[in-house]
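In what follows, chain A forms one complex with chain B and a second complex with chain C.
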Partner chain A sequence: MQIVLNCLSLTSFYLCFALGLALVFGVMRIINFAHGEFFMIGAYVTYFCVATLAPQIGGPSAWLVGAIVAAAVTGLLGAVLYRAVVVPLADKPLAIFISTLALSYVLQTIVVQIFGPVGLSISPPLRGVVSVGGAILPASRVMVIVAAAALSTGLWIYLMRTEPGRRIRAVAQNPRGALLQGIKTRNVGNLTLIIGSGIAGICGASMGPISQISPYMGGPALWKAFIIIIVGGIGNVWGAVAAAAIFGVLDTLMSQFGGGRFLALTSAAIMLFVLSVKPSGLFGEKE
Partner chain B sequence: MDLMTRIIVAGVFACGLTGYASAQETINIGVVQPQAGECAQWGVPITRGVQIWAEEFNANGGIADATGKKHQIKVTTYDNNCYTAGDELTAFRRAILDDKVNFILQTFTPASRQAVAQIATENKVLTTSYGAGYLNAKYPFLIGSVTGSPGSYMFLVSHLLETRPDIKKVAIVTADHSFGQAALAYYKAGITPYAKRVEIVYSQPYDPASTSDMLGLATPIFASSPDLIVELGFTPGQQALFIEAMEQLGYKGLYGSEGWTMGLVTERIPAAQLAGRVFSAYVVDASEPSFSPRVSKFYKSYVEKYGQKEWSVLASVAYAAMTTVEAGIQKAAAPTGDAVRQALFTTDTVDQPLFGKSHWGGAEMYGANNWLLTPLPVYVTDDKGGVKVDAVVDVAKWWNANKDAALPVLAQGGQVSANK
Partner chain C sequence: MMGALHRDIATIIIVGLALVVGGLVGTPYILGVLIIFGMVSILVLSYRTITTMGGWSFAHVAIMGIGGYSVAIFSKAPFEVPVLVAVALGGVFAALFAAILSWPVLRTRQYYFFLSTFAAGEALRQCFIQIKEITGGTAGIAFIARPGILPDPSSAFQFLWLVAVILVLLGLFYAALDASDTGKKIKAVGEDEALSSSLGIDAWALRALGFILGSFGAGIAGGLFASYNGIMSPSDINAMLMFKIVAACVIGGTARFSGPLLGLLFLTLIEEIFRFVPEFVPMIWGALVIAAIILSQRAGGGLKLRKVINA
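Up next is the complex of A and B:
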């Protein structure tokens, strides 16, 4: 039972992070290398809010404020990124990739200057464990599972049931066709980057209490997220959900049964295999 | 005063200044450590430890050599990109060939030490570390100036097994990288003399990337029912998350590592719950005031300068490593790598400024008698999240008594280079 809960927990970690990246990649076809740093900034914003507000309003409330502020700050960063990088460099995906890579270093350095290079820890807003069938799940992990589920469901409803969501899907499917239908693709791109970046911020707020936060935490998370969205199907949000589950189960089982040292190797090998036999990913459609 | 007299006076004054500058010859010390990236959380405190050591001398006019001449100390930092052997060598080239450093403090990571052994020796740059890691008779300018890593892992686990006979099962949790593999071998070597009553129940190395899911990592360790868990490879924050995950799973045993950042741990687990259960031994922990007034003063300087949240035991480890170099400089006629090395090796022991009389460890491990075995304080946490001294281990005595049992295990783990 513990292994099942661990699978669920790890899947939610992967999903939480990959969701925003998959959305941005799927709609805009750009690689935002600074997505990991948006995640990191979400964690630091939450750290700051918890450290300053918790004595007055309590840990859970301070964390909630932190998560909201984190989403707002990273959403704003997404908007700035769109205006400052994506629009001027439209149709130059390599230049956008390099620019976001540069931005990731800039953001890392800023955070190092403000908070220092030594890792920090966010006090868990919820303590204690939930017992299920003799196994345990820490309350702070339940929080991440809830956050990942809420983000996925919310995103699904937004994309499938709202007018802006329909526009986003239209642009993702066929940008030129959407433009001909009168959809303002620039606005859609801006909105997508704000939502995707905001999700990264919420993810940083959720993951912060159960992982060490450091200025460099974005890199490893981004690497795993790339593998997930490539295996799931580039640009396919639901493929990312499925791939997160696949890697959540696989990585948990490998750690459990003595293969922990081969996790990175296995993930990379699976990605290479999928790229070679089905370049569009397991759940992606041929372009 | 006419013009000629003024010129002569100015010339004499200038000569005097030049002579003064010569007597004040600066000692250039390089610190090769990660300065950016994830590993900076280790490299930056280590660098600061060396800088504060130098500042203490510089504030008093410099460090005196055996002739009484005082020398200012200049510390220059070089990035090795998270202990990567290739980057270590690049940093050494810059430090030695461009900046003409006399001494270098580097990592104990065996692969990194091996990479720079030749250039350090060819240029007679005394290269020390907070431990041994890799030494070789061909490279006499590589030394380990305190017990440090990875030897301390062996002495820590053996001390716990010696003093706590109720420990029957040990889990070894190490990362799958160069110093994680070294730690695994040393932990196993420390357990070997007690193999009749102690079983290693877990020793699977983990991929550092898997530490994002600490519960997944902790579950199989908890399932192996250890009485003692020894770890090496977690960052300070990961250590706190690991302890939290183990405690949530219901673990009641002991923890051992080179050091713990208890501030991060006690943010998650009440200090009283862990009192008497979390052990550390690296070189010295300056945050504990009773072991040495000098390191205690260093701790206060560090916290005053960088803040309590920036404290890491690694700062005191680097500081302690430099005090052996300090002992050599004070015994040498000139502050060169060659003269200091010779001064340190004139006898079988060194009067180490912090640890007292310390023995060179013998040549059985590395074929070179370049590893100084300083007595090792073992610390245990108290109910306020601080640490107190559990014991000071006479590691030279332990090594002489148990090296026959430990050496084959170390050799199996690829840590013995005496016959290579």
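Up next is the complex of A and C:
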């Protein structure tokens, strides 16, 4: 039971992080390297809110405010990124990729200047543990599971059941066709990047209390997310969900049974194997 | 095309001479900067060869690490291979690794290519950390010798000579490759793979060749780095160096050899100007790269870079 819970917890984190990346890629065919830094900024914004507001309004509500502000800040960053980089460089994926890579260094330096290079920790909004069937899980980890579930369900409903969501799906399937149907693809692109970046911010807010936050926390998370979206099929949001589950279970089991040091090797081997068998990923369509 | 080949050869020889002359007149500090510049020049030139096949790899620095660890391991007991031979071995191992990697990775294009090389490179770095028995874990391997072939191995100036000679030799090799039929075919594949395949060119093999030969240079540079620093550890394989290489190629353009080298010179000058506030260097580099990319798109043809970054 404990293992199942750990699997669920890790899967939730992977999912939360890869979701925004996969959404942005699926709709606009761009890879946002600064996604990891958006995640990191989300965590720092939450840290700031919790540190300043918690004495007045209490831990949980301060965290909630932090998560909302984090989503707003990273969403805004997404909008700026869209205007400043994605629009001028439309249809040049490599140029966009390198620009976002460069942006990630700019953001990292700014955060180091404001908060210092040393790791900080956010005091968890919920204390105590939850026990399910004899297994225990810290409440803040439960929060990550809840956040990931809420985010993915919310995104699913948004994409499948609402008008803007339908527009996003139309652009993802066929940008030119969508344009011919009178959809403003620019607005959709902007919206997608805002949502994707906002998800990164919320992810940072929910992961912050579990692990230490540092200006360099984006890198390792991004690396895993790249592997997840490659294995799942780049741009396929549901493929990302499946791959997150695969790696969530696999990584938990490996750490459990003493194979933790070979995690990176195994993940990369799986990725390379999937690429050799099916270059478009497990659930990706051929381009 | 002969003109272009001559220009590339001239570029290489000028850089080699400039390194040695700079080392003659410079202070010990400048000598150190020049040695690093020479070694990163090897990385940048070999990286340019990879970009000609149409893919921007993000595993270059990790592959460089293979060269570094080869020297660290083979120059010591029980192998005790001469350091320069170990450096060459490092290049071969790096090329071999690239050959193995090219099977899965070169089936991918564009986004898949840079994501999968990025992930593969990071995995390689993790392996260097985790396989402690061979690589010494995070501490790495220390006390790596300088090449015994030098009359005075401890002299930095003589090491600079060695770096300059290797840079020129490798540069001439890459220039010859660039101007050869094979090199032209690699470029053709890079520019339009479908068209090249329809003309009967084996696109996959040529892309793999570009990747393997480029990685060979990375292995050599890694070996020199390890020998110069006297230590090889996973922290030598950092994202910042990878970014420096990509940024040099972006800022300078990759059409000719002079582009990446000028880009590198520019980045190195910035690094040295701001060396009293090193924490701001990544931000300045980053801002410059974004500005260079966006301005070159706006200029619409003025800068060399435009052609490169259209990928």
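Here, the second predicted complex is superposed on the first by the 287 of 287 C-alpha atoms of A that agree within 3 Å, B and C clash if a C-alpha of one lies under 4 Å from a C-alpha of the other, contacts with A are read in each partner's own complex, and residues count from 1 in each chain.
Just so we're on the same page, a residue touches a chain if its C-beta (ideal position, glycine included) is under 8 Å from a C-beta of that chain, and two chains touch if they have at least 3 such contacts.
Every value quoted in this text rests on a predicted model; they were computed, and no experiment measured them.
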Determine, for the superposed arrangement built on chain A, whether chain B and chain C clash or fit. clash
Is A:P88 touching the first partner chain B, the second partner chain C, both, or neither of them? second
By the touch definition at the top of the document, which applies to A:M271: first (chain B), second (chain C), both, or neither? second
So in the superposed three-chain picture, is A:Q2 touching just chain B, just chain C, both, or none of them (first/second/both/neither)? first
In the superposed arrangement, which partner chain does A:F262 touch: chain B (first), chain C (second), both, or neither? both
Applying the touch criterion given at the start, work out whether A:I183 contacts chain B, chain C, both or neither, answering first, second, both or neither. neither
Does chain B (first) or chain C (second) touch A:S99, or do both, or does neither? second
Just chain B (first), just chain C (second), both, or neither: which does A:A51 touch? neither
Intersection of chain A residues contacting chain B with those contacting chain C? 112, 117, 219, 223, 261-265
Sort out for me which residues of chain C touch chain A in the complex. 56, 101, 103-105, 107-112, 114-116, 118-120, 122-124, 126-127, 130, 239, 243, 246-247, 250, 279-280, 282-283, 285-290, 293-294, 297-298, 309-311
In their shared complex, at which residues does chain A touch chain C? 25, 29, 31, 84-85, 88-89, 92-95, 97-99, 101-106, 108-110, 112-113, 117, 219, 223, 226-227, 229-230, 234, 261-265, 267-269, 271-273, 275-276, 279-280, 287
The residues of chain B that touch chain A in their complex are 36-38, 40-41, 44-45, 176, 204-207, 209-210, 212-217, 219-220, 235-238, 240-241, 244-245, 248-250, 264, 267-268, 309-310, 312
Interfacial residue positions of chain A with respect to chain B in the complex: 2-3, 6, 9-10, 13, 112, 116-121, 123-124, 129, 136, 138, 141, 210-214, 216, 219-221, 223-224, 251-252, 255-258, 260-265
